[in-house]
Amino acid sequence: MMAEEFEPKIVAFLCKWCSSAGSDLAGVSRMEYPPNVVPITVMCSGSVSPLYILSAFNKGADGVLVSGCHPGDCHYIKGNYYARRRIALVKELLEFIGLEPERFQMSWVSAAEGLKYTQIIKNFVQSLKPLGPQTKLRRNP
Amino acid sequence: MEKILNKKNLPRWIKGLKAFQVYAPSRDGDIWNYALIENPEDITLDYTSTVLSPKTIVFPQREILLKFGTSNDGELEITETLPQQDPSVIFGVRPCDAKAVFLMDKVFGGDFVDPYYWNRRDQIILVGLTCNTPPSPNCFCLSVDGSPHSKDGLDILMTDLGDRYFMESLTEKGDELFNLGKKLFEKPTAKDIKELAKIQADSEKNLKRQIKNIKKIPSLLKDMFESSYWDEASMSCLRCGICTYLCPTCHCFDMNDEVAVTSPIKGQRVRTWDTCQFPDFTMHSSGHNPRPDKASRLRQRVFHKFYYFPERYKNFQCIGCGRCISKCPVGIDIIQVLDGVSDHGA
Amino acid sequence: MEHNTYLPKLAEIIQIKEEVTGARPIKTFRTRILNSHDFSFRCGQCAMLSVFGKGESMISISSSPLVKDYLQFSILKMGRVTSSLHEMSEGDIIGIRGPYGNGFPIEDWKGKNIIFIGGGIGLAPIWSVLHTALGKKQEYGDLTLIYGARTSQDIVFKDELQELKKEMTVHLSIDVEEPEWEEFVGFVPQNVTDKKPSPENAITITCGPPIMIKFVIKALKDLGFEDRQIYTTVENKMKCGIGKCGRCNIGLHYVCKDGPVYSWAELKNLPQEY
Amino acid sequence: MVNIEDLRNNAKKLLEDGKVKYIIGFKKAANGLRPVPVFIDKPEDAAKLIWDPLCIHNLTRFLVDEKRRKARQKEPDLRPVGLVVKGCDSRAVNVLLQEKFIDRADIHIIGVSCENTGVVDEKKLAEKLKEKTVEKIEFGDNDEFVVTTDKGKIKVASSEILADRCLECPAHVAVVYDVLIGDHTKRKLDDSYKSLDKMESLTREERWAFWKEQLEKCIRCYACRSACPMCYCDECVVDTITFAVTADTTAEEKAQKIKWIEKSPVLSENFIYHFIRAIHLAGRCIDCGECERACPLDIPLRFLNKKLEKEAKKLFGYDAGFDPEAPSLVSCFKEEDPEDFIR
């Protein structure tokens, strides 16, 4: 019996105006992409607090993605710029304490980039599979 | 029963205690703490005082009281999770820390016996080591009815006579440990006994600190509840939990439900240490807090140990180990607070 | 093995009655402990209710010990546990452990008149001791209830109170004037002063918000009641219920074990830590 | 050299003129070597003030207590509070000003110069003078400390016993003050993140093993949070119940308060607490080292904040606590902020 292949669980914080719309476009256009993602729509990538990211890892997420509008497209003008700084700091500190950097990604996906969204998710799942389940930050019971 | 054990036979005696889990002070960087000893050779008994007392073994910071979930027929089901403590021996227990366990036995005994505590406590044997020299600059055990060679709570008291230990067994559990190493022990000679008495008497002389008039403290405290003294004494307090979490006699705890990640009705009820120094300790869900500020909380810490506990159990709930003094980040010193109470009352 | 007091007994909620709706909702729960564990208690004692996954909350038992087939709790929606209780429906399972606390020393009050004074949800602990006295009416003097709430909608046990009027004197009050309200209007302490209960061979029991208790005690003393005739209950945050977790103390006393019922003669010497 | 009489006279005058409510400074401890914080409101008590290389505490922390106390009083005394600050402490004051937590008029800052040394690390001192007992320690000249022990006076090169943070300190003299005691000097600073080198040289799994072992020791006494002047939130991520309960807080709000972490001191929960505290200090921590010194279990917490301080400088050219008018690190951005990590 083929060993059951590890399927990573990804929590994706998608900004409502762009990335979430992009993922809807991928769905409406019947594009194929792995079903590993648990999408959480947020009003803006700038509203994603490091606590949400940590809480996702604590609850057992194998990978976390934060996706927002391209710089300049933000519905709230500056939300994604704030997010860029904050996520960079979170990424550095996660790496500093020893979490595999592949587990935490950020991306710009506009409402028209349904294809790019599926690309990002495919690559993300591929890069997570060899790492196996995330056990470092996970709550044990 | 009194015996002599040559120091080089200590590891062999401990090897004979295969049926027990052996804990002893072990060094981690600059600090000592009790840890499980795999290899009896590693045991060392020349250490200063540990940051955390044997309380971490007798009354661990976290334990699961019960698990809840749905049984296979979908009904809510709870299972009691009493601790399964293997028989254990803790070596190198300072007499004051053993007195702390002796006091905690009173709290968790009494009319409501705490099965979680006693399931563990009944399996644990405490082997003490006399403090020939005070392990901390802030020791004051003599001020609170303790001493560097007190026996309360101990099963065996070891005293270092230089190349050998004078071993006094105080309970059947102590005798049982002796029998497990019969041939290693010798009978104490009159010289040994004289030397023991001298060392134990001398050990009381080099304590540097004491509380001025401890006997009057409970009655002085009784009338100082409303005093502004507590505001001045707690002015620099940072409201952290060091003094209570490190205190060997502090037994306050919290009980919370932890829910499994997979389902909200599966999880466990967990008991953890708690401290009267944090606001949520006494805050009502209406927001009213009977002890709203750090002054009332310092007062509670002092009242509980030096007025309420003695009134209820005839012992001070302080063993004079000095941990709260040594580790307070802003140097709040329980001895000075109490001396201040004496001066204030005078 | 000793009885593990931390382990709750499972109980089924057999009936939920909505007493008060609105911002400060109160519901009365009748529960039956599964597989017939015996849960004998004295009036005025409390029980720790468990909502598994949320936590526990200490609630006074509002049914009388004479009632054997259910345990009744009247619960004001206040925080995490009480809110989840309010979202429960009949047939749900909760945990009950206890009984805890000293309860009312009703045996010592034989032959005395008893005056029950309650405010808002304070009627819940009174309900238990009141019905115990009512059940053995011949052993006590006259029973009087003086009870008030903010508005007529906030009155607890509305229909039972009308029934009660047939068996004992009941004086109700609301804080603010309302159209069809004929009884007393004003705070409960004012109602006590107005009704002038006689301290002659009498015991008073007062439960309700601390501010109300304070003024009722004052009113009673003005009427000539002595401290040992005035009983009240005290609220503090509780977790273990057996005087070990260290948080509910007022001075030397652990409210959960040595209280919550105190006579004013005792309570006035205790520090203001509740 | 700092003349202690200047500090005392200045303090005495301030109190006599009634210009400040009270002064927060250091006084000799009745027991033990390390001085303790003191709150002086009577001019004659100004003589208690001392200044020596063991004045380690960051007294800015007590401005948080002062603000809370004032908020509770009906008619508070609105005069400023006198505050004795070192270079690092003054940067902490700047961050509190930057975040509008306090007004400049609330404080009267008495800067005391560390000249070109700083404060002593008690563990290094104990290590260096193993057999001797230290009775007194004073600033010496040409980069030395004068240590009086039971076996006589000895001079120790400052770099041997200085606290790590002082070896990497960019501000030996207060950067904001009303009066400065001592003179403007600067200690040669070649690499302000040297203490991170060892940690950053480890492989990722070695770093994880290190932090796993360290954070498993944490007993959640929150001394690191209590000692930190930047940790002034009324409600913290770790609090499981609502603290800021007012008359009109509804039962739903209290019931729906999210329990982000459990109260249990286990690795996964300890981890979120320390990680979130570090992230909340990004661009705000001024490396006063109090969190690490207060920790009863010697967990090297300073590294977490030092790493983010280094990244804030490297990625965004940001320094904490120098300009009270500048926006905070995470509430501003630049066009050219790096985004190579973004897909």
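Going in written order, the chains are labelled A, B, C and D, and every chain counts its residues from 1.
Keep this in mind: a residue touches a chain if its C-beta (ideal position, glycine included) is under 8 Å from a C-beta of that chain, and two chains touch if they have at least 3 such contacts.
As the structure is a computational prediction, the values presented were derived from the model and not from experiment.
Simply put, of A-B and C-D, more C-beta pairs touch at C-D. Work out the mean CA point of chain A and of chain B, and you get 48 Å between them. Per-chain Cα centroids separate chain A from chain C by 53 Å.
With centres defined as mean CA coordinates, chain D is found 36 Å away from chain A. Residues of chain C in contact with two or more other chains: 78-80, 82.
Chain contacts: chain D has residues 241, 254, 262, 266 touching two or more partner chains. Taken residue by residue, chain A touches two or more other chains at 139, whereas all remaining positions touch fewer.
The set of touching chain pairs reads A-B, A-D, B-C, B-D, C-D, using the touch definition from the header.
Residues 199-200, 204-212, 237, 260-262, 266, 268-269, 271-272, 275-276, 278-279, 282, 304, 307-308, 311-312, 315-316, 329-331, 333, 337-339, 341-343 of chain D are the ones that touch chain A when the two sit in their complex. Remark: chain A residues 59-60, 139, 141 touch chain B in the complex. Contact residues on chain D toward chain B in their complex (touch as defined above): 29-32, 34, 36-39, 57, 61-62, 123, 217, 219-223, 225-227, 239-241, 243, 245-247, 249, 254, 262-266, 290, 293-294, 296-298. Interface residues of chain D, counted against chain C in their complex, comprise 241, 250-252, 254-255, 257. Those residues of chain C whose C-beta lies close enough to touch chain D in the complex are 23, 77-80, 82-84.
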